[in-house]
Amino acid sequence: MSPTSQPDYSHTLNQIHAEVQPMLGQGQVASYIPELAKVPPRQFGMAVVTLDGQVHQCGDAQQPFSIQSISKLFALTLAYQCLGDALWTRVGREPSGTAFNSLVQLESEQGRPRNPFINAGALVVTDVLCSRFVNPETALVEFVRRLSGNPQIQYDMAVAQSELGTAHRNRAMAHFMANFGNLRNPVEEVIAAYCRHCAIRMTAVDLARAVAFLAHGGVNPWSGERIVDASSAKRLSALMLTCGTYDAAGDFAYRVGLPAKSGVGGGIVAHMPGHFGACVWSPELEASGNSLAGSHALERFTTLTGQSLF
Amino acid sequence: MSPTSQPDYSHTLNQIHAEVQPMLGQGQVASYIPELAKVPPRQFGMAVVTLDGQVHQCGDAQQPFSIQSISKLFALTLAYQCLGDALWTRVGREPSGTAFNSLVQLESEQGRPRNPFINAGALVVTDVLCSRFVNPETALVEFVRRLSGNPQIQYDMAVAQSELGTAHRNRAMAHFMANFGNLRNPVEEVIAAYCRHCAIRMTAVDLARAVAFLAHGGVNPWSGERIVDASSAKRLSALMLTCGTYDAAGDFAYRVGLPAKSGVGGGIVAHMPGHFGACVWSPELEASGNSLAGSHALERFTTLTGQSLF
Amino acid sequence: MSPTSQPDYSHTLNQIHAEVQPMLGQGQVASYIPELAKVPPRQFGMAVVTLDGQVHQCGDAQQPFSIQSISKLFALTLAYQCLGDALWTRVGREPSGTAFNSLVQLESEQGRPRNPFINAGALVVTDVLCSRFVNPETALVEFVRRLSGNPQIQYDMAVAQSELGTAHRNRAMAHFMANFGNLRNPVEEVIAAYCRHCAIRMTAVDLARAVAFLAHGGVNPWSGERIVDASSAKRLSALMLTCGTYDAAGDFAYRVGLPAKSGVGGGIVAHMPGHFGACVWSPELEASGNSLAGSHALERFTTLTGQSLF
Amino acid sequence: MSPTSQPDYSHTLNQIHAEVQPMLGQGQVASYIPELAKVPPRQFGMAVVTLDGQVHQCGDAQQPFSIQSISKLFALTLAYQCLGDALWTRVGREPSGTAFNSLVQLESEQGRPRNPFINAGALVVTDVLCSRFVNPETALVEFVRRLSGNPQIQYDMAVAQSELGTAHRNRAMAHFMANFGNLRNPVEEVIAAYCRHCAIRMTAVDLARAVAFLAHGGVNPWSGERIVDASSAKRLSALMLTCGTYDAAGDFAYRVGLPAKSGVGGGIVAHMPGHFGACVWSPELEASGNSLAGSHALERFTTLTGQSLF
């Protein structure tokens, strides 16, 4: 595609930025931990980074926020680098059909979580990282620094502590999986690493850049580093589409049509293979746990640009 | 794309045809109704039809077979033509996370099926068709004739009767939904139409042609007829990806990466937006209910040609 | 026990009659079928029949009402006469832990209902009667006439028709069990018999007399007819205690401590082995589906008389 | 009843002892913790203590064993002494319909266990004891010493440690309930007390004596101490009948007809109101987790003596 035919993503982002204004104030900021509840509502930012490095952005796209469950995508990639397809003996690849923090399926399926994007699955992924790295939280922070090219990324200790204090349900899952032999490291160690992963702070621009390797056949477009092979990049993208947005993944695929992963901090990363990495952030959530304005913005983006998988 | 750059799909199909030979004999032909159990195993055919009308095929691609649940895709399209997004008040768009014939979720979700590709959802879709057409089975047969351009397509009365005799589970679902007010026509009428839809006989070539409108922005490439608008074609395709292959949809998206719909007759339709409609058929199934050799063939096809969504 | 030491049940019943007055008007008459919804609220009657034939009663104890699920006890007894312990291959003896009309357990337990007092179990019992009797509804009516000594007992055709018209959920269960091979007769035949069983009309006095055989070692105290052997009478009584009052059986045993079976018509039969048969009726129900004033009356009765199992 | 008419329980016990011999070797000793797996199989003992203090026994009735879940009955009694009916705001009184260690119902019922005899319910009960006693394990040991009149009773530290090491599932439940606010003390503290309760060692004679207060209107027959009021004794007995023998409570009530509580150590306590306390022990279990020979022995006992509730 010649530079002149490059879609005018900046103009589209500005249009969307204007359109979503009336939605701000209509969702709920996540309140299950005190630190997240403090985030001011009515913020919105979006970034689209094309594979040639152009950054398109609007609003609060340079405001750092807590990536929360978006970390599950990076943790999965790192664990998949370690184990390859052997990872799938411990976690499935199917949509769960139930809430992201449900224990019901773990019971009927012998402690093997449905996919790596529900909490139970991410705990298994974290357990893999705990077995491979002395400091699994440092390993993940370093990994997202490399992916995004931003060496300043850190996790927020106050958020991590806040999560740790209310992680009873995640501890329940971890012990339950330990009961089935599907957790190898001490529960508290896995929980501590998991809470720190969730507490990483990044901007929409950081995240749009960090996810771009999936749109680029598994190669980091900024450094040239191969992260995963091309086939694996496709497969991780398929997982994002079927399982990446809590139990609204079917609806999200229907409306947006891009591989995506969301977090309760209000961020959603997405990408279009061969074209761009993207991230939208707006901290107010809809009932499904996905960003209200963020979901709408991505739906508008694919409609306005015609850029979707289907 | 110029004619000379057209991928040599025929060569790829022949290669796949050779590769799958050792898999024939390793699956199980569907046996839940006597008529299906009579189908000779060890058959395999595949067809890929590009949007310019070229037909690539191998093996038993011109052998008619019982389309079974593939009919759910055409019934959904027809019902969606009737109701548009109002259809989604009666059936969801999420993967079910449970078996295609489970009643559990119907109970906890008040008689609203998760998606139109599980049996309960297809019964609601059929109920919509029963309300709109005097002869819903004739309407669907005529619809697939138009989509594929083959006026000879019929349903197989013996298969339909055989299904009707063993449809207790579908009747249970239908009565259960009626109990929640989500079935408007008499149960036996809906069941009769549903069984006839499943009993339609088509070849892999017919089906590859019939599905092509979804790859062509909602317009039938053979007749120019608009079936659904471009946005709806994308959305139906997204549904196929997340829900089209029973409870193995996540795995199928991971391995194949194309929107697809399978049936227990051993057929699987798929398409690549902007490129082709496809159908593979091999009557022996794997445990998930999808064609064993068929799933493998589609996985090989996207790997060999690089043609997948992601 | 000498006549002079016979507890003064009549006095106790009068006391309870007075005590429950403030509760009348606080429950809900069953409204799922129009015919039942017509029953005037604020009625209450209770009868206790000692094994020597003395009838103690108060209030509306001679007012006929729709016995509804109390029929499940008599149908079970009749089916058990036919099959003995072979009946338990088709239906279990465990509390269900879920609602009386749930299909969930049927799915995970292959169409075998948990016990004969939930709807699914009663449909299997009715299926047994359909296999043994040309007119299963006549057979049951005749059986309760013999048990109670009242040849006037009939079923109410208007109630039976009303139930038949809204029996979608029971039809769903019946087809579901047929799917698993646990229903032998045509679904509509079983449903018709079941609805007529539920529509039998009896008074509290009739029912107190009809249940007395269980308190009398399996022998009808009025006719001397052996209904079941002594051991079976104990076992049917145990089933009543653990499963007889919907999913409040644990609470009911805790509060009342007598074997009992309730119906949504507002009746509850109970008995004390070696002492009496009893029935209370008040059409307003609590959330569990048991009679509000009736449950309270039985609790007061066992407290005041000291007559309970434990 | 005059002394001369006292049933000859000793003779009955000897008969049963002979009858069960062929069953020894046909069940499985609990193996989920190493310490329990070491118990020699093929042991059997039974004790019946009448309220006048006569002890009837056979076989290994004086062999101490790990009481395991039988401790739930004593812990419940102690917690009920503390809280009375307020206890039922935190735990229900209904049969669970699912396995004793299931987390499914906790999820749908917001962390409130179905009854105090499943593990989750017993953890809540233990949490109550942790709030009331500095040393809840000492408190329970002292309580059973008083109930049985045997000051030598201890818990087995090796068993308690062994349980603690494999208590992942119980920890999962405890964290899950903490997540719903239904656990007040630190999870590890509750788990430690719970494991020690399970590890109490008593003989069948000790246990038959310890349970006798329930048969005696809530008063310890050996010391005259009132443990609970008469009404509460009846109610706790009702709970034993409906919930005391894992998910086989319905079957157990049907076959045996006595209030009972079993443990995976192979013990089962039971009692007959007004007559006796009883305990049988045989370490080999049937699939339900109840002692194989023990269940059979109690069934034979009620059949041979005619002593059952019904």
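Think of it as A, B, C and D in the order they're written, each chain with its own count starting at 1.
Keep in mind that, in the parts below, a contact is a pair of C-beta atoms (placed from the backbone, for glycine too) under 8 Å apart; a residue touches a chain by one contact, two chains touch by 3 or more.
All values derive from a computational prediction rather than experimental measurement.
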item: Separation of subunit B from subunit C, taking each centre as the mean of its C-alpha atoms, in whole Å; value: 49
item: Centroid spacing, where centroids are CA-atom means, of subunit A and subunit C in whole angstrom; value: 56
item: Touch-based graph of the chains, sorted into line, ring, star, complete or other; value: ring
item: Pairs of chains found to touch, sorted by chain label; value: A-B, A-D, B-C, C-D
item: Contact set on subunit B toward subunit A in their complex; value: 92-98, 105, 114-115, 231, 233-235, 237-239, 241-243, 247-251, 253-255, 257, 259, 273, 303, 308-310
item: Touch list for subunit A against partner subunit D, complex; value: 102-104, 106-107, 168-169, 171-176, 178-179, 187
